[in-house]
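Each of the next two complexes has subunit A plus one other chain: subunit B in the first, subunit C in the second.
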Partner chain A sequence: MRSDNLLRRERLLHPLTAVSLALVILAAFVPIFGDRLMMNIAIMAMIYIILGHSWNLLTGLAGMFSITHALFFGLGVYGMSISVAKFHLPIIAGLLVGLLINIVMSAIVGMIGSKLSGLYFVMAQVGLSQTIYTLSIQLFPLTGGVTGLSMPREYLMDKSTLYWIALILAILTTLAFAFIRKSRMGTMFVALKENPDLSLSLGSNVGKWRIMATVMSASMASLAGSFYALFMMSNNPEVFSMVISLKIIIVVIVGGIGSVWGPIVGSSLVVMDELIRGIMPTTMAPFSVIIYALVLIIMAIRHPEGLISIGRSIGLKLEGKSMKKVSISK
Partner chain B sequence: MFFEMSNVTKSFGGLVANKDISVEIAEGEIVGLIGPNGAGKSTMFKTVTGFHIPDSGSISFGGKDITKYEPNKICQVGISCTFQKSQLFSALTLEESVLVGAYCRHKRKSQALPLAHRMIEFVGLGGKEEVKISKLNMFERKKAELAAALATEPKLLLLDELFAGLVPTEVELMLELVKKINEEFGTALFIVEHVLRVIMGICTKVYVLEYGQLIAVGTPEEVTSSEVVIKAYLGDDDFYAATDIKS
Partner chain C sequence: MGIDTFINIILNGILIGGVYGLVASAFTFQAGALQIVNFSYGSSTMLAMYLTFFLIKEWNIPIVFAVVILFALFFTIGWIMRRTILNNTNHGTQILTTMAVELVIINLVIIFFTGFPRDMAIFEKRINITDTISVGLTQLICFFLAAAVLVSFHLFLNKTWAGMSIRAVVQKKEIANIMGINSERIMDLAFSISYLIIAIAGIMLMTMFQVEPHFGNYMMTISFLVCVTAGIGNMGGSFLSGIIIGILSALITTLLGAQFHDPVLFGLFVLILLVRPNGLFNSSKRIARQI
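Right, the complex of A and B next:
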């Protein structure tokens, strides 16, 4: 029994060590060889990795379709920027304010999600998210309206510092996702997605777990948002936009939904998108969303399980496969 | 009384699926519930397990009125069930599936895991812990569902057509397993079954349901020789097969 547990722990760590290593290697390269543009791109990729894990937790594990995920991200942005620009609070306070607002908001979304399903849940989210978007424009004295707020210069950090913070956050959320997946919470999430009635009859408080999934997911997105505020040194209502929500969804679906690898693999899309934006005339930039839409459609038709499934089929030893091998040789 | 349904009625729109049902089960007892398809057996189980709230009547367990409890609360007080049409959790492994049940008793994984492993061993699926549910065959899946239900440490276990779709040799093995549950854990069992041999083999008391109403109750022998029951089952091959085996 004990060696059994050890084996399992090793297996849990193995892909994670690989991820951390890969990220650290990447990290070592970018600040040395990379220019500011490259670091910006890498930071955006990290932000989408964090957002991807966040969405993957709620939708990939707990099966609650989060369509306006940028809502949580945006609240994180505004929590930070308002605290800092309006009230001159320290960064850590901005982070906590964002988290707090997000916990309240996600508890509401989670409660709705534990009562309504499918289309009704989606509609409720769109309603909430539009309300917040409108408020962010209308509450001008607090939010800075359409143009947003600029954060004071003393909060400015240099690119490589921001880069390292993004990297650490991406690694931490990756580890958090993997840990949650194997913990009681993760098992309960997947169980309620797969079969809510059976979960209930086995004593799982399905409603509570749905709220928990939303709160955990929103907290992760909040982290990404608060960091984004520090990265951009400002806010604007576009952080709540559907384009961001869509990108988050596509990153995970293209990478592989439900898997810890999904957002990491899928974030390559963000890199591609940013590179293309770099060479495209600025007036064309908004059209880059078309690329996401096209990629999504192609993936849905050719590889519904995500890029990971391609990796598996050409023999890459990712999570699922290596696990199976170990259990057979046992 | 350990478990008691008193005058429970449940209707869906105009259809009365359960009418004025009263059932008593003693601690550790094995009780059967038979009746033609559509008689309302599954509805009765779903009412007990909190998925339906009865229109009238009450259900008590261990001295507590559990009529309006939510399904997860019912499980926590010690009633568990296996569903007639269950898909289990196809994306989870066997171990994780059984863990869902074990987490009903232990919040910490380090405590839930040994319980889950014990139940997996108990139903004879030891060694398959890491296998995905979707990779198990029908018989294994039924045993897996049983293991998950057992991991909630029930004092009363409801089995809704657990034996349906099993070949005769599997029925025998499952029967042994069900007996062992009762013997080792002292769990009371309430069994809905079409395979009457199962009912004959292990139940001490059998209720017969027809068109939502209880039409007979007694020992298996009494019930199968009762006029009303024979009439209710007229033309039912399962029934004749079972009585033939008995005689």
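Right, the complex of A and C next:
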């Protein structure tokens, strides 16, 4: 056993590190060989990786079942597009405005989450998200109503610049998630997920840590949203829609909940979907949502551990250990 | 604005609120008694509304047959949903799978019926109480029908063998199994019956509202609001709080304007959840974390 540990320490490159380095190098080749369509698909995949990490932090680690995660994403989009298109502020100010709105909203959500849990928390989120969605349509002078605002032309960036920004953001959020998962804070989150009463009795502040988790998760989603506003150059109320929330959830559930590699594996589904949608006519768009939904049903019932668990269970079987079961929420 | 207008608004609110109560009672039965969280609830109501419209208006099927077809269809949908995706007890899995079912229903409706808003366009006969105060005949019929459905459901649960076995399974599954009740079969039956209530509510809503594929989200939030106000699991209370919500929504629409209706009502919902998660009228000490 001990020699085994020594051997592992002597290994120069951990296999996962090697895989991630290979992925980053592979990703660097996309702007050289890829065409416009490929770049768009890659950027969408990056956005969903960021959003996936954000959802994974809130639900996979902290155990607060976030069903309307597009709320944070949409607020990021609106913060960026309103401040740039309406008030002519620079991009960095738009980013900060999006972050600020998101911190306020996530403090509210976190406060609700520290008081309520389970079904009640989910219902409160649905209520909040419906409120914000309706407001985004009704406050026409500010948000541009159903059609939304379009960003000024001088902020149009070429695809490779956008791609590099997306790649850097995705890598940064992945590292941030990995760091949080290993840190003391991540341990606190998991403790609150697994047994809130016990961790409360051991002296951890449930409300504080839950609000903390929500704020961090919302900041990640806000970054993705602000970037999305620059990428699409417009906003509309559909960014708050259920479809986006469900896509975020599917990306993580398909990949593997609570794991660093989950969103990265799961984003392959987004790539597949965008590729298929490029081939099919636009009238078939409802079918792609139906397929998403069916994939989610099958994964949630049959493999709640995600695709990544299949590889992990093979690895564990080779070492002669058994797999630990995980569930979506308590 | 005179006093007559106010009385009209409140009467209208009461009549619509009764139907809200019926819509919410099925959700409160599913979530409170059966412990099944069904987030495809709103879209199921929307599907019932669309099917009512198409059966009666487009395909010209006589109303009696249309209602029978709708009932058979919804009983089957409820049965299939319970057999395939809701036969587990994990709330997280239930929420995820039923959310997915909601998306499937909405997109199937868009494919088959298109996203165009539909309206029954019933010319409503008004019954004059005084010269200025009047109520709509269809609304009045719907209100009393909703009350009758809820009373007969209550009688079904209390008097018939099937209803009593549903209550037995809800209270203690293991003991009910020992007493010779097939608890899985009874749960299927209970869930399918709750879908019958959704079908009835859909028919009633179709006479009052125009329907479009995302109408379900609105209806679901309204039924959340009604359920939480009454306390989840309280079916009689949900009818009363439905009436309160109906009056409130009618007042907000007239006094503040229609654009503030949804934000104020849904903001109120979050507030009630935070302050009194067990319902406004419940004084029980059970905390919200239990569900």
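Brief remarks follow.
Please note the rule applied: the second predicted complex is superposed on the first by the 288 of 330 C-alpha atoms of A that agree within 3 Å, B and C clash if a C-alpha of one lies under 4 Å from a C-alpha of the other, contacts with A are read in each partner's own complex, and residues count from 1 in each chain.
By our rule, a contact is a pair of C-beta atoms (placed from the backbone, for glycine too) under 8 Å apart; a residue touches a chain by one contact, two chains touch by 3 or more.
Because the structure is a prediction, the values reported are computed rather than measured.
More residues of subunit A lie in contact with C than with the other chain of the pair subunit B and subunit C. Look at A:Tyr120: by the touch rule set out above, it reaches subunit C but stays clear of subunit B.
When the two structures are aligned on the shared chain, A:Arg184 is found in touch with subunit B, with no touch to subunit C. By the touch criterion defined above, A:Leu200 lies against subunit B but remains apart from subunit C after alignment on the C-alpha atoms of chain A. In the superposition on chain A, contact is made by A:Ile301 with subunit C only, not with subunit B.
Once the two complexes are overlaid on the shared chain, A:Thr131 sits against subunit C while remaining clear of subunit B.
Contacts of A:Met242 after superposition: subunit C is touched, whereas subunit B is not reached. In the superposition on chain A, the residues of subunit A contacted by subunit B and by subunit C overlap at 327.
Subunit B contributes residues 49-51, 70-72, 74-76, 80-81, 83, 86-92, 96-97, 99-101, 103-104, 107-109, 112-114, 117, 130-131, 148-149, 151-152 to its touches with subunit A in the complex.
Interface residues of subunit A, counted against subunit B in their complex, comprise 1, 5, 183-184, 187-188, 190-191, 193-195, 197-206, 258, 323-324, 327. Partner subunit A is touched in their complex by these residues of subunit C: 31, 37, 39, 85, 88, 90-93, 95-97, 99-104, 107-108, 110-111, 217-218, 220-221, 224-225, 228, 232, 259-260, 262-263, 266-267, 269-270, 273-274, 277, 288-289, 291. Note for the complex: subunit A touches subunit C at residues 65, 67, 112, 115-120, 122-124, 126-128, 130-131, 134-135, 138, 242-243, 246, 249, 253, 286-287, 289-290, 292-294, 296-297, 300-301, 304, 327-330.
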